[in-house]
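Shared between the two complexes below is subunit A, which has subunit B as its partner in the first and subunit C in the second.
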Partner chain A sequence: MTAATSTVGRNRWLSASTWRNLLRDYPLVPLTILLVLLVVLADILQPGLVNPGWVTSAVRQAAVLGILAGCQTLTMLTGGIDLSVGFVASMAGFVTATFVHQPGGWPMGIAVSLGAAALAGLVSGIGVGIFRVHPLIVTLGMGLVVFGFANVWQLQSVQTGSGVPIEIRTIGSGTLGALPNDLLVFVPVAIVLLLLLKRTGYGRMLYAIGDNPIAARLSGVRSWQVLVVLYALSGVLAGIAGLVQSGLSNTASVTLVQPYLLPSVAAAVIGGTSILGGRGGYSGTIVGALILTVLASVLSIVLPEPWRQVVFGSIVVLVAATYARLTAES
Partner chain B sequence: MTLTTSTDMLLEATDVSKTYGAVVALHNASLAVRPGEVHALVGANGAGKSTLVKILTGAVTPDSGRIIVRGRERKSHSPAEARRNGLVSVYQEPAVIPDLDIRENLRLTHTPVEPFRHWMNELGVENLNLSSLARRLPLATLRIVDLAKALAIEPDVLLLDEITAALPANLTERVLQNVQQLGEDRSVIFISHRLIEIAAVCDRATVLRNGETVGVVDVAAGSEDKIVNLMLGEGATALAQREGGHVTAAARSHQTPRLSLLGMSARRRLHNASFELYPGEVLGVVALEGQGQDELFDVLAGSERPSSGSLLVDGKPATFHHPADAIRIGMVYVAADRAEALLMQRSVRENISLPFSARIPQWGWINLGREKHKVDEAVNTLQIDARAGAEVRRLSGGNQQKVTIARWVASGVKTMLCFDPTRGIDIRTKNQIYVLLRDLAAAGAAVLLYTSELKEIQLACDRVIVIFGGEVVAEMPAAQASEAALLRAAHNLKPDSALPEEVAAAATGDMSAVQAAIDSQSTTVSQR
Partner chain C sequence: MSATTATIEQPRGGPADRIGSFARDNAWTLGLLGFLAVLLGFTKFANPNYGLDSLQGTATSVLPLALAAVAQAVVVISGGIDLSISSQMALTSCIAATLMKGYPGEGVAVGIVILVLLIGVVLGAVNGALVVLTKVPDIVVTLSTFFIWAGFALLVRPAPGGAAADWLKGLVVGGLGIDWLPKAAILLIVLVALIWIPLSRSRLGLSLYAIGSNPLAAFRSGVAVNRTKFLAYVITGFVAAFAGLSLTASTGIGTPVPEPTYVLISIAAVVLGGVSLAGGIGGVFGPIVAVVVLQLIRDDMTFMHVDPNYGLVAQGLILIGVLMVGSLIQQRRSRA
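Coming up: the complex of A and B.
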């Protein structure tokens, strides 16, 4: 705005600060453009790739990633993170599978596994909220504790035999017309999270604690209450994601979902949620999860496996860093 | 100490300016220190003293101005560089690393040990074991260690910032004695809120007001009044009196106070404070920096628990474990630091409605219509310009401050605790805030208003209390609270009294009288 020439009008339209404001205020717009570009790129690289089957498989993977990224979105909004989601989700899928030949069957399995996931989250929440240990440490440790217990359970249940229940397989890999069944899980979860963040007092508290814990405290917010509930909720969400993933892959393993851990953080960051807290939302995260899924698919066309990971990781870091830089200061 | 008429200054700072955003902290301030003199730097809160000190010691870079030490211009970009340039400072808080022993602390600052020992003895702390951990030593000893450390490297200019605060009487005396006898070659810049000490040890005083040097006073008998008048400036007498609405003392006697504090102490600074706050009044609080007012507000807001004393709210004892406890009974706190009170990345609406959702029963569905109604009402009441309301950090400082107040106006308030709410905001917004506080009081709320701007007392308050050394030392109706009266009370001087005789004598150079003066002053302080 300093120049007084006739080019001001055009410059303003193209100026860095305009783009910065656009990215900050409407992150969904550039993210959606990026997603569309990636899909077009995929179709150019391998004509005919983008067909209903490919869309179904992409949406399937994005659904699991999206739910896990929901855990990260909620915790990151408060300035935290949940690194236990990989092991908690794997545990949930595995425990449910071990109940298939037990009295109570799969419904009992789901109840036990989600209860265990909630309990793990609750303990993390107590560590973060009441004992004020950094969430990175607490959830990393809790993830290992859950992994350990899952292994113990594995040894206990090796005689009884296990298998992913048919009902879970139907959710994870069946289709309803062209649409994958796991949308039946993902869409309600997404709606709940979107409304939770936008329209409830609890959602406001997540943003408040992440933006300025001192201000929240001075306004009468007891942040430990918010945090204990938050990590328990994150545990349950991770458990749900684990069930969907075990149905999708028809596998029950205590490390099944672990590879999704870092992409779940990346999806939330790319979706515009600040790791420092107070800024972001779930709609961006959903698009972020789709972008990562499509990106992985594009890279699998052009690169051999080891290089794919190098490039995938680099792109994630690059996009996240660009985004953080653009939105950092007003 | 006799002074020559020499004009070669040891240290000369000229035309020093510094602005922080829209706030002018220093505007062409100057300071000239003669060799061998003890030079006081005085000014009311916010006059620019601390900014000038930070510039001299290299902690802050000035926007313009020159600093000349021994005839050469010096530019210090860090405290370490200022040290090499011959300017060493000793602050209120001890500058030692608690987990190192004294010898290691000395090595850290390249302080020679023998001179250090010599000065420790001179300052009255003998036989200090250099191998003892700094954290094991009493605070008073650490302050002496700091001073000896500074003296040991033989600085040209020694800057003492409130060095005597919280020193026991005998050590204060030794310190002041040594400060006075530093010799012809060395100068001291002495900062203290205690005008009596300044009268006793200083040769000259530079007075700052609103970021400008308004006068340099030769300290002699009676110069205390001159200093106070310079700090006040002209026009201090011409103040518009506010009309009506006062709660008379007679009316108060029939009421239960909203708040009564009895012998409240907290942390190190608040000692035995007692006062009452009645419904329908705005009670002003005046204090120099660091007299316990921060602790007082922290206790009342529920952020800090008192170490002793009791608090009655509407006649019933109250204990707060968390700000939520205070808020529940209608006691709300407006912080001075807006960065402490606001969610900078969130909207005006979310900031104002923040307390609505604080408690678990309120975590559910938000009735957006009702919320909007309440928020809009508060925005209108405070005339907040919320055009840039998507993120509070894009608002002006005045509008941000209004948001912090609007939050409590919207959720209903019985007792409002305002800590310097008008700091650094424009005059129009200030007036709006005064009107709002008056309106709140008229509607039956009780308002406690700490302010660093003395003229606000008569503009907004019914009554005022003055805190010194952690205790309420004066109380007066706002009508009598002229800036001069408040400033005297804030320095714990009796109203309209001349200097105590012994201090007046001290200023003329009689050393035994100096000690008597210091003793009497110190005893009064320590008796508290």
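Coming up: the complex of A and C.
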């Protein structure tokens, strides 16, 4: 009797479907294992690479990517996407830098740039929520608008000169003991997003809209209000990421954060958030951002830049395909 | 999202519906053409020097984008999207420019063009196979292959350079016989006539619209959904290779870094050209006209000494504005 149950139990543990369910329900477990493996691989490929300095710089880059991927996670949960984050983030970093010699200084710059980022997000939200235009198109268009305005601003601020404010640089590249200061921005952002998704009604409405918009509407969710707030929030988050990145690289340009656009979507996808909506969460995205950052670091040891892009793209497809397989057979 | 529900709410397929939607689609393209005519008039007004030779310049600069829009339109009609078009163009353009530098000769170049077109087909086939086999959403797949193609482009050509055969350059620059007939425009018309018109009248063309409109209904009516989706990406890759070749032809070199605004503008033109992002509606003529309109708006701003960056702002605002109005009309109609 006891022997029989134990055999059954062992079989259940060995069966493929149990593993599949485990992986599907707790994506953080395999993702964390993958992350650890990548770190170990990095240290094997270049012994001594994994030291406090490397960790600090990896965490810094992952912080920027993580915040931007937060924009994608939130919008993807509702079945949307925000393709304007690259331009909005760059604009925020750039505009703040132009205020350094202006009355009001950097606090004014941050207020103006985050205000502009929120406004851009708000307009996107109105397009998506009220006019029901596809988010891909709205945020694409909004990206062009923000990029255009940022360029105009650039031409007009040539005379006044610009520079990344020392305060932003401290946040972006300073350290507090062993910890990079970026965490002062990233940790609060992450806590807010995690709580927002897990513990608030607003978070549940995001899942509801993405899972089944009609059911959500019939249960009394005012989708348009949720979406308008969502895209405005996404704009502000992108703005914050842009500020951190400009402090990290000590540069401000209107295309600074643009290269992060595709990785931000990839980080959310690798973290288990479905681009079709209704499934995923921010904890996976954080690990996804770390994985992509470490992956980029590992690839930079062994491969020249062109091959890095090729392998990077292939791995994203591979991980996404694995997820698609796991979730399709439920 | 709303567009999807709208397609579900109003089933099309009846002959009356089809005639109705056909008329509506054409009304959109005709309206765009009317707008283009007004815009051309305005261009002449804004810049009295805008003559026939300027028209040739516009045509040459519009050609790669117009072909990119055609490529995007095909896959969007089938219900997909291809975000890797600009890096497919960069890769094919680099391969063409590098081979033409390494193996000069006007005759050899013909072989190179054919080879590059085949490579375009392969790139499209990889995209299509990944979308169909992995069941990963098309946005994610083509976002990833965007990196892959761009990486290969850098491998082929670490820095901009290479060469283009003279006859290839001759195809896109200047006028044909008479001044007012830009060669680039003729080439575009010929290519579209050779690729799109037979396609849209074929069984495959009908299947593209069917799977874009309602994949389940298409499947139940006997359309091989996966094969059609795959072929849509193949055709897109083929046309994107033409777009890449036209880049090489108009610039004389290959540039490995994809132009960041190409994908955005190809999608913008497709949508402004009356193709529904939900799939199943539209054609390629609307998107081509939309590309010309978008380009002329930027040119006009330059003529009027407005900061050309406002051109980007205008393109973005037009894109959002037109769609908001369109969506509003659609919502009204479906409510009535």
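Rule of thumb we're sticking to: the second predicted complex is superposed on the first by the 314 of 330 C-alpha atoms of A that agree within 3 Å, B and C clash if a C-alpha of one lies under 4 Å from a C-alpha of the other, contacts with A are read in each partner's own complex, and residues count from 1 in each chain.
Everything that follows uses one rule, which is that a residue touches a chain if its C-beta (ideal position, glycine included) is under 8 Å from a C-beta of that chain, and two chains touch if they have at least 3 such contacts.
Only a predicted model underlies this, so the values are computations on that prediction, with no experimental measurement involved.
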| message | One more residue to check, A:M108. First (subunit B), second (subunit C), both or neither? | response | neither
| field | Which of subunit B and subunit C A:I214 touches, first, second, both or neither | value | both
| field | Partner chain(s) touched by A:R132 [first = subunit B, second = subunit C, both, neither] | value | second
| Given the touch rule stated above, what does A:M205 touch, subunit B (first), subunit C (second), both, or neither? | first
| query | What is the contact status of A:V50 with respect to subunit B (first) and subunit C (second): first, second, both, or neither? | reply | neither
| message | Going by the contact rule set out at the top, does A:R279 touch subunit B (first), subunit C (second), both, or neither? | response | first
| request: Using the superposition described at the top, determine whether subunit B or subunit C touches more residues of subunit A. | output: C
| message | For A:V152 in the superposed arrangement: first (subunit B), second (subunit C), both or neither? | response | second
| task | Mind sorting out which residues of subunit A both subunit B and subunit C touch, each in its own complex? | result | 214
| note | Note: in the complex, subunit B contacts subunit A through residues 301, 303, 322-324, 327-328, 333, 335, 339-346, 350, 353-360, 362-366, 368, 390-391, 393-394, 407
| query | Contact residues on subunit A for subunit B in the complex? | reply | 25, 199-202, 204-205, 207-208, 211-212, 214-222, 225, 278-279, 330
| field | Complex interface listing, subunit C residues touching subunit A | value | 1-3, 5, 81, 130, 134-137, 139-141, 143-148, 150-155, 158, 260-261, 264, 267-268, 271, 277-278, 307, 309-317, 319-320, 323-324, 327-328, 331
| Once bound in the complex, which stretches of subunit A touch subunit C? | 79-81, 123, 127, 131-138, 140-149, 151-152, 155, 213-214, 255, 258, 262, 265-266, 269, 274-276, 305-314, 316-317, 320-321, 323-325, 328
